[in-house]
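Some structures to go through are shown next.
In the two complexes below, chain A is the common chain; its partner is chain B in one and chain C in the other.
Up next is the complex of A and B:
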């Protein structure tokens, strides 16, 4: 207490305030001398602290990135401004606690830029967003590699701090220049994009502040009627629940270790099997047991519900993955100098977390391709009578036990001639290329080593081809279809089964053995008539179904089992399809379809041909799940060999 | 002593909880924003609340006021990096029992708890307790 009370002051305010003397007005962080002393203090940093810090930082950066991209679209949205401010503020606090000075400094700079913005002293523009996105990128890369006990230097931070300083200086210079023509950014600023509408930018920065940095009442709007909005009192608006509805959806959630979820699903799988073992138990077959049946029915019902619940716990909306694409398209369009807009729909669609983890890379690849090869340059679009801005649509929805993800562009479409030429060079074509259906031509781009770009650019075609997209989606048991119309664009439809661990399977019998075929691969099953069957000179049997000639694989021969039927007309032929290629599997009979819990092959088996895993059937019997893709491929090569022999 | 921690970052809640647990205090609840903080306060009636200021949904100052309105005897210590004068003043006027500026030394928390337990004047401002 200084005792300097001249009676005029209300005792509550200024006496306390003087007592505080702690806050150095020149120091916007509010760091006092006392605090400076405590900054020397380095807490004992445990690995867990660093882990929590990193995980949270990743979430915070993502939050800020999303908000910044939204601000680029609607620069005055208070909610997003508050959000970005809060993220940098929170991150600064966390980094400060661990003594990560570089991070603290950089996030403090970013925070103060947004402090100005939320106080109405400055406004968001494209440049702000670009610089701050770079700041996030750099901090994210650095944060990811932080280790306990190591110093946290942030290479390149000086450049970023310069950029942020420039943003600040520029916005402070503006009030004096209101009557002058628009100016360029100060020398030395290297930003990835330039201000789009200088007039607008000009106006935005100058109006709500006088030369002393004091807030002044907003003058009547000049060009922009919404100008008044900017002068809303941020302190007043900041915390009110109405204004923060979007953020208030904090879920009543707890964090659960992913491993626990995985083992829960394993256990549920066991439960499904055990339930089937009880209800299909041979001991009770054929008996009239009303009360037991009723209880079993109840058991079955609850088991299904638990199964659904366990699955739904692993389901995550695609929103996060899709959101990253917004950033991707933004950066791409700047890089390739095209105007591209990403339209997202169905981002609330939920899929298994395994899908989330693995779908991102293929999507990035498809979108890169669309931006680089699909969408034309603005002049070319105008010449073709299309709107200058190209659209890439990313859409997701559920359809019949699958999730359907569509990547669509309104660009120039695939070029049949170019693809065929390239495929010819690569030796992918038999001689009858002209008869190929469009669909088959498009599928050629999934062949390894295929890329139609004449010059490999830095964006797409960096050695990883579309074949990787296909194999990654294949790993998820999914498939990709392409539709393309010249001049109108290309549509990639990705279909992936919703769940990875439990599938619908058809159990088939061959002799005493039971095999399981995923229902999704089955096209039809039939008992062939003699006139449908032909045999090649090489000994391969073929069945003609509605004009299509399909090779037959006899499962009993493949797995060397004694079958009940050897004659094709006596048993059952199942037509299976993978990657638009089909073949027939010959079995004795269909034993019915059921939910199959997939058990992976143990490592010591190595890779077994034609088998993708095991299933335990209701009776406790182990059944092999057929790997349809590899079977179809081997049938294809059998067919080629036998026709080749035929030709000789 | 039963403590309620209100902070929007997991990291800060984790660190504060560790400090309190190390001192033998019971962390009775953690909230990620002001609104959750107020609701939890009513439920668990803690002896002490640590309150961040910048938080989503409802900020710390509003939460402080809401808690004081509900229970005038509540002891709420603001823990924030918003050390600006306006925030400190506003906190004190609204009935905060203390104000600790982030980043802080764990001893600061210890001193504060000791003082509150001894029933010493509750205002413990950084700067007034230097040395």
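Up next is the complex of A and C:
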């Protein structure tokens, strides 16, 4: 079944249909032709079929949405027109076979509009796109909630059908009006036009049409296969050279349960460790075993390749997520009456599936903010000597083990005064506001309850959002930086580690224990000289590095283990940073860095102080991953306590 | 007299198939602690492994010895002796880890040694005498009679999740 699921890319998507026909033949249930004709045609719908239908429908809708948005930019593009037509056609077929009449009707209407467009009898305009997008939205919401054995009523379909009918009238009138943009025609003109159009359509669409034409008198089940067969008429096949060409560039894919994928990853992690255990087995150390060494080398190589491959299987391009933003910006620009163009680049950048699932909401927030607050109204832009159309740029690229996602607008930029005023009101300012660096001021907008918008609009400005953005990105172990220039716009840079499952870690030793520190948190490591060390009366140790005074956390004290070295000058001090706050961690030695597979903390433990998870090291040993953020914060409170004590 | 089967602990790996569920009723895996025999319901047991490198985890009660790497999964291990308030005994080559799975939570139990799988029908189980609620007694489910011997049957849920 899974193989057939590629229906998304085939013009006639009849995997469900075929399935159904089979079931029907196998299970005639004694229904005579007469009975069948008098009854509504009721196929045996299994829950599995409904699921396949839903999955396929989601893909189809996404495909159509993408194509429609492209069509809005280039209304003449044959390829996209064909694509939309195909999607509605396929969906209509699927819905029809499962007996979802409302969906069938609606998608048929949509299909016929594109039939006209295909035939050059009508043009794509903004309204076509808008109406069809809302048709897709309604059908998508409905489809998502479909349950086996339930009838599928589509609330609001009548309004949509009316809208679609109106569109059809335009196309009918269009030949006389030639290139003129269609105007809103009163809905009254309808009846005759529509009927004529219907006949016309009948003629044009030939046999395929009868698939639907039989809608009122329902076809006896036995004829169904033929009907479907006929659907693959030359007309559709005519489009296929193009389709074939397109198909060849589309990746073939199968659906795999994420859990299976994750257990595969676990196994691969094991394999890597087992491989290391064999290659570095003490029994063969120091022996001259040329042939074995060669084989082991080969084993190592293959193991690494399997590992890379397994990792890449969780990686998905950002294109789907970015695509949703195109739609968002389009809807937003209509809503706020601004001209906004979304420029996307790097959508092919691949990131871990978890990131895909979680990055969408933060991006929506940022883009909404940019559209609502960032981009100025057209008049204001003109007055400022900027192009009337505002640009929001959404960009992604890989950079040093991280994925960098940039949301940039060329709007008015953040307003330092307003932010400071608001922050003052909220009691967020402790220091003298003038002393704050721009960066620090911008970061204030991530505080909970912060919103500087003068008018709270329906789109953004409820003051929830930015703090959510930050916490969501934080969950992905990422961070957000803001840069903003008044009058020129704002840039949000989101950096997220490429994958959630693997990090580059530095293994450090304290006594017998091994801890792992994520490399991205490490600023530097050093062996301090005696003159760098200061001890406060409260017993807090400080190390001065290039003028910066940093508190020291002794890991062996924190975790009550016996260290090899107790003297700061003998061991190693690692400077770690989180959220622009730094501290020093004192350890015995560095034991080398490696790629580590992160294992979540067992639920049995609850939360462990300063530990974010476990890692399995090359030798199969379990090491704890240090939670640098919480360590840095605890160091800071140590520092505050000790200075407070000192002051008293 | 109860039916006895001798089972190589290594074979237990295959015991936890789903279709074995029915036949697991009334079966207990017995192990030794301080020369006393204890039993735990076999349906909780996923496997028995030898002692492994244990990584200590900070801020844990003393009976949580740390975590082990069980084929790529990191699971906590508990020293059952310490859980019962018995004295620590140096691990040797008979020391075993019984991996049990309670509420989807795999945990390893460190025991002196594993002995056998026993059938103890419900009729052969007596309630724990209410004489003294000492530390160990809280985790008992009952006393199982197997021939002349008495096995102390553990309540796995309480053992793992009962915190005072």
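The criterion applied here is as follows: the second predicted complex is superposed on the first by the 494 of 648 C-alpha atoms of A that agree within 3 Å, B and C clash if a C-alpha of one lies under 4 Å from a C-alpha of the other, contacts with A are read in each partner's own complex, and residues count from 1 in each chain.
As a convention for this text, a residue touches a chain if its C-beta (ideal position, glycine included) is under 8 Å from a C-beta of that chain, and two chains touch if they have at least 3 such contacts.
Predicted model only: the values in this text are computed from it and were never measured.
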Pick one for A:266: touches chain B only (first), chain C only (second), both, or neither.
-> second
Which one hits more chain A residues, chain B or chain C?
-> B
Please indicate which partner A:90 is in contact with in the superposed arrangement: first for chain B, second for chain C, both, or neither.
-> first
Which of the two partners, first being chain B and second being chain C, lies in contact with A:559: first, second, both, or neither?
-> second
Which partner does A:52 contact after superposing on A: first (chain B), second (chain C), both, neither?
-> first
Check whether A:322 is in contact with chain B, with chain C, with both or with neither, and answer first, second, both or neither.
-> neither
Does chain B (first) or chain C (second) touch A:621, or do both, or does neither?
-> second
Per the touch rule, the chain A residues reaching chain B in their complex are 12-13, 16-17, 19-23, 25, 29-32, 34-35, 38-39, 41, 43, 48-49, 52-53, 55-56, 60, 82-83, 85-86, 89-90, 92-94, 96-97, 99, 238-239, 241, 244, 247-248, 250
In the complex, chain A residues that touch chain C | 266-267, 269-270, 273, 513-514, 558-561, 597, 599, 602-605, 608-611, 614, 616, 620-624
Give every residue of chain B touching chain A within the complex, in rising order.
-> 8-12, 14-15, 32-36, 54-59, 61-62, 81-85, 88-89, 92-93, 101-106, 108, 125-128, 130
Write out the stretch or stretches of chain C touching chain A in their complex.
-> 53, 55-60, 64, 66-69, 71-76, 105, 107, 160
